[in-house]
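Next up: some structures, all given as structure tokens.
You will see two complexes here that share subunit A, one where it goes with subunit B and one where it goes with subunit C.
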Partner chain A sequence: MLKHTISELKEALICLEAGQVTLPYPFQPHPPDENFRGKPVLHTRKCMSCGACGNACPARLISIRDEAGIRTLSFELGRCTYCGMCRDACPQEAITLSQQFELSTETPGDLLIRAEFKLVTCRECGHPIGTERQVELVREKLKASDMQLLDMSYLELCINCKRKIFIRTPALMLEVVS
Partner chain B sequence: MQAWRIREPVMWLTEYLTGNRKTYGMNRIGGVARDLPPDAMERILPVIDKIETQSVQVVDAILDDSSLRARLEGVGVLTTEDARAYCVIGPTARGSGLDIDARRDHPFAAYDELEFEVCVEHGGDIWARTLVRIRELLQSIKLVRQALKQTPDGAVMADFDEIKPYQVGVSSVEAPRGEVHHYVMTGPDNRPYRWRVRAPTYNNLQSIPALLRGQTIADAPISVGSLDPCFSCTERIQVVDRDSGEVRIYKQAEMLARFRQKGR
Partner chain C sequence: MNALDWCFKKSIWVYHVNAGSCNGCDIEILDVLTPYYDVERFGIRLVHTPRHADALLVAGPVTRQVRERLIRVYESTPDPKLVIAVGSCSTGGGIWYNSYATLGGLGNVLPVAIYIPGCPPRPEAILYGVAQALGLVPKQVEKQEFAEV
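After this line comes the complex of A and B, so read on.
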């Protein structure tokens, strides 16, 4: 009996010592740790829609579709596990995992990210060769490197037409600027 | 409730170390996603010390609490024979006197380099399972301390070539509720082709008929709770028709109505 009383007193002491431990959340915001992996955010200005994220995504929630001159990149976040593989795979650092964690919803559309990019078509055959941003990036990279294309319009060709034109006029090719 | 209070700093710690409280997302093929941050030691050790002192304090207080003992002793008894027959695992098995633990029996990760005790109790009742969990808590703290001291420096990812498709891998790991088995078959495009998980609650829940036999209704909730079952916290389901692509969402009320109809 005495043992029991002592143990009850100990329990009461622990509770008293702890005091109030609950946080005022959800009445006040509760910011997560800065390392937190929350809802992925796509920075469309940086994205060149290469699809590396879609290849890396284990849950296969990132899809890429080319249709009517538009490339659509969509994230169905209902299946997201916040692993961050898409962020790690992105060459443009266009995906970050945000601090957002209150994603519960009854409308699946709330968890959909869609980005549309204009496709550039080959000036010879009309086959899509990539998005405007991709072609622009190649142009920028070429400018920054010590290789120069003699004819920049070469970039507006698809891989097959590039080959054909190259066979006809190899002089179009790269020249090393010293 | 005090145990939840003591646990919370651990959740904050895992959020800082892995980026989430529960779904750590650390395991990758070839290694782990993140290295420990440089100040990890300074942040982990005080938390470990604190939960140890606080847990010991709470354990010390409840062990002599006769009302708690009266409520838990002799309730939800799973005999050693039943435990073996139902193939229960983890603390449920160890509370019934079965000396099994995947960390010692099939060492994985670095468990063969660490020292720990497999906690076994012979009562088979809720009190015994509680004691197993309490002792395991203290063992886990010991394991974390050893691991922090012995983890070598170096890369957190190994180099590997492409992953061959249609290869099979099976692993068993001792999770808090018992052995968890994962089966994976690799597929093309660096993705899994098949993946099957056998979580420990699947085994442990099978013992419910034996646990509840001859008991009052009032004992049922704590008996089931003492297995620490992990149910899916689902209040809606999404059904996709593969042929038409049509998506239909069943909300809580509809699901309840449907299952009640079935139950009649």
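After this line comes the complex of A and C, so read on.
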């Protein structure tokens, strides 16, 4: 009996030494570590909707749909595992993982990111080539590169139409590249 | 004040159900109960049978095997009850969303009061989610939409 009381007193002393350990969390914010991976944020100003994130995502929650001249990029973050593969895959650094972790919601629809981008269609066959931003980016890169392209209008052709045109008139290729 | 608000005004007791979870969420749920986070100061307590529980904390994508048991647990919980989906798996199926062995999230099986996404969610996030289900704190997420004109 006495032994028991002594050991309890000892424990009480240890607790007094330790002081308060409980976090005052709901009353004071408790920010996570700076490397914490929270809710992904899409920076729509940088995104050119190439779909690299969709290929990298292990949960396959990033879907890309081309419809009626508009490419829709949607993130269903309900099943996101916060692995950061989309951020690593993005060539434009348009996805970052924020520090936000208080994501509880009554409707999983709140965890949706949807972005719509205008598509460029092939001038010959009308097949979508890519978004306006993608074509613009390629144009800028070609201008900055050493290759001196004379005719930039070939950027408005889809890959099949380019092939057909060059096969029909091989001289055009020389004209474009020379 | 409606009946549900009145029922959940005071301490809620939770029953933890593992519906095919990988144990990540279960560890975080246990973490919430430790003195460091200490949910018992809000009256939230883990109970050992669903018959004593007010809320079910369900983790995991709900496998086909566990579906029947989960429904039995749900039915043995007295009304009114809250179902709280913990983790990305129970929110939307996680990386098993299209597997033949899972039912793709808790929302397909039971009426869910609140979803707490995260893989696993931080203990703070679970605490926040339960508080949100009780109507104590506001929702922080919203849909992000963008259209290039």
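The working rule: the second predicted complex is superposed on the first by the 165 of 178 C-alpha atoms of A that agree within 3 Å, B and C clash if a C-alpha of one lies under 4 Å from a C-alpha of the other, contacts with A are read in each partner's own complex, and residues count from 1 in each chain.
Following the convention adopted for this analysis, a residue touches a chain if its C-beta (ideal position, glycine included) is under 8 Å from a C-beta of that chain, and two chains touch if they have at least 3 such contacts.
All of these numbers come straight from a predicted model, not from anything done at the bench.
**Student:** Just from the overlay, do subunit B and subunit C fit on subunit A, or is there a clash?
**Tutor:** After superposition on subunit A, which the two structures share, subunit B runs into subunit C.
**Student:** Where does A:39 make contact in the superposed view: on subunit B (first), on subunit C (second), on both, or on neither?
**Tutor:** Second partner only.
**Student:** Report for A:21: first if it touches subunit B alone, second if subunit C alone, otherwise both or neither.
**Tutor:** Once the two structures are laid over each other on A, A:21 reaches both partners.
**Student:** Counting residues of subunit A in contact, which comes out ahead: subunit B or subunit C?
**Tutor:** C
**Student:** Looking at the overlay, does A:123 come into contact with subunit B only (first), subunit C only (second), both, or neither?
**Tutor:** Neither subunit B nor subunit C is touched by A:123.
**Student:** According to the stated criteria, A:111 is in contact with first (subunit B), second (subunit C), both, or neither; which is it?
**Tutor:** After superposing on A, A:111 lies in contact with subunit C but is clear of subunit B.
**Student:** Is A:103 contacted by the first partner subunit B, the second partner subunit C, both or neither?
**Tutor:** second
**Student:** Kindly classify A:55 by the partners it touches after superposition: subunit B alone (first), subunit C alone (second), both, or neither?
**Tutor:** first
**Student:** Contact-wise, after the overlay, does A:10 reach subunit B, subunit C, both or neither (first, second, both, neither)?
**Tutor:** In the superposition, A:10 contacts subunit B only.
**Student:** So in the superposed three-chain picture, is A:76 touching just subunit B, just subunit C, both, or none of them (first/second/both/neither)?
**Tutor:** A:76 contacts subunit C only, not subunit B.
**Student:** Just subunit B (first), just subunit C (second), both, or neither: which does A:84 touch?
**Tutor:** first
**Student:** Looking at the overlay, which bit of subunit C runs into subunit B, 6-14, 78-86 or 132-140?
**Tutor:** 78-86
**Student:** So subunit A touches subunit B in one structure and subunit C in the other; where do those two contact lists coincide?
**Tutor:** In subunit A, positions 21, 32, 58, 60, 78, 81-83, 106, 108 sit in both the subunit B and subunit C interfaces.
**Student:** Where on subunit B is subunit A touching in the complex?
**Tutor:** Result: residues 2, 5, 8, 12, 15-20, 23, 25, 33, 37, 57-58, 60-67, 189-192, 236, 238, 247, 249, 251 of subunit B touch subunit A.
**Student:** Tell me, which parts of subunit C touch subunit A in their complex?
**Tutor:** Residues 35-38, 41, 88-89, 91-95, 97-98, 105, 107, 113-119, 121-122, 124-125, 127-129, 131-133, 137, 139-148 of subunit C touch subunit A in their complex.
**Student:** If you look only at subunit A, which of its residues touch subunit C in the complex?
**Tutor:** 21-23, 25-26, 30, 32, 39, 41-42, 44, 58-61, 76-83, 100-118, 132
**Student:** Applying the document's contact rule, which stretches of subunit A touch subunit B when the two form their complex?
**Tutor:** 3-4, 6-8, 10-11, 13-15, 18, 21, 32-33, 35-37, 55, 58, 60, 78, 81-84, 88, 97, 106, 108
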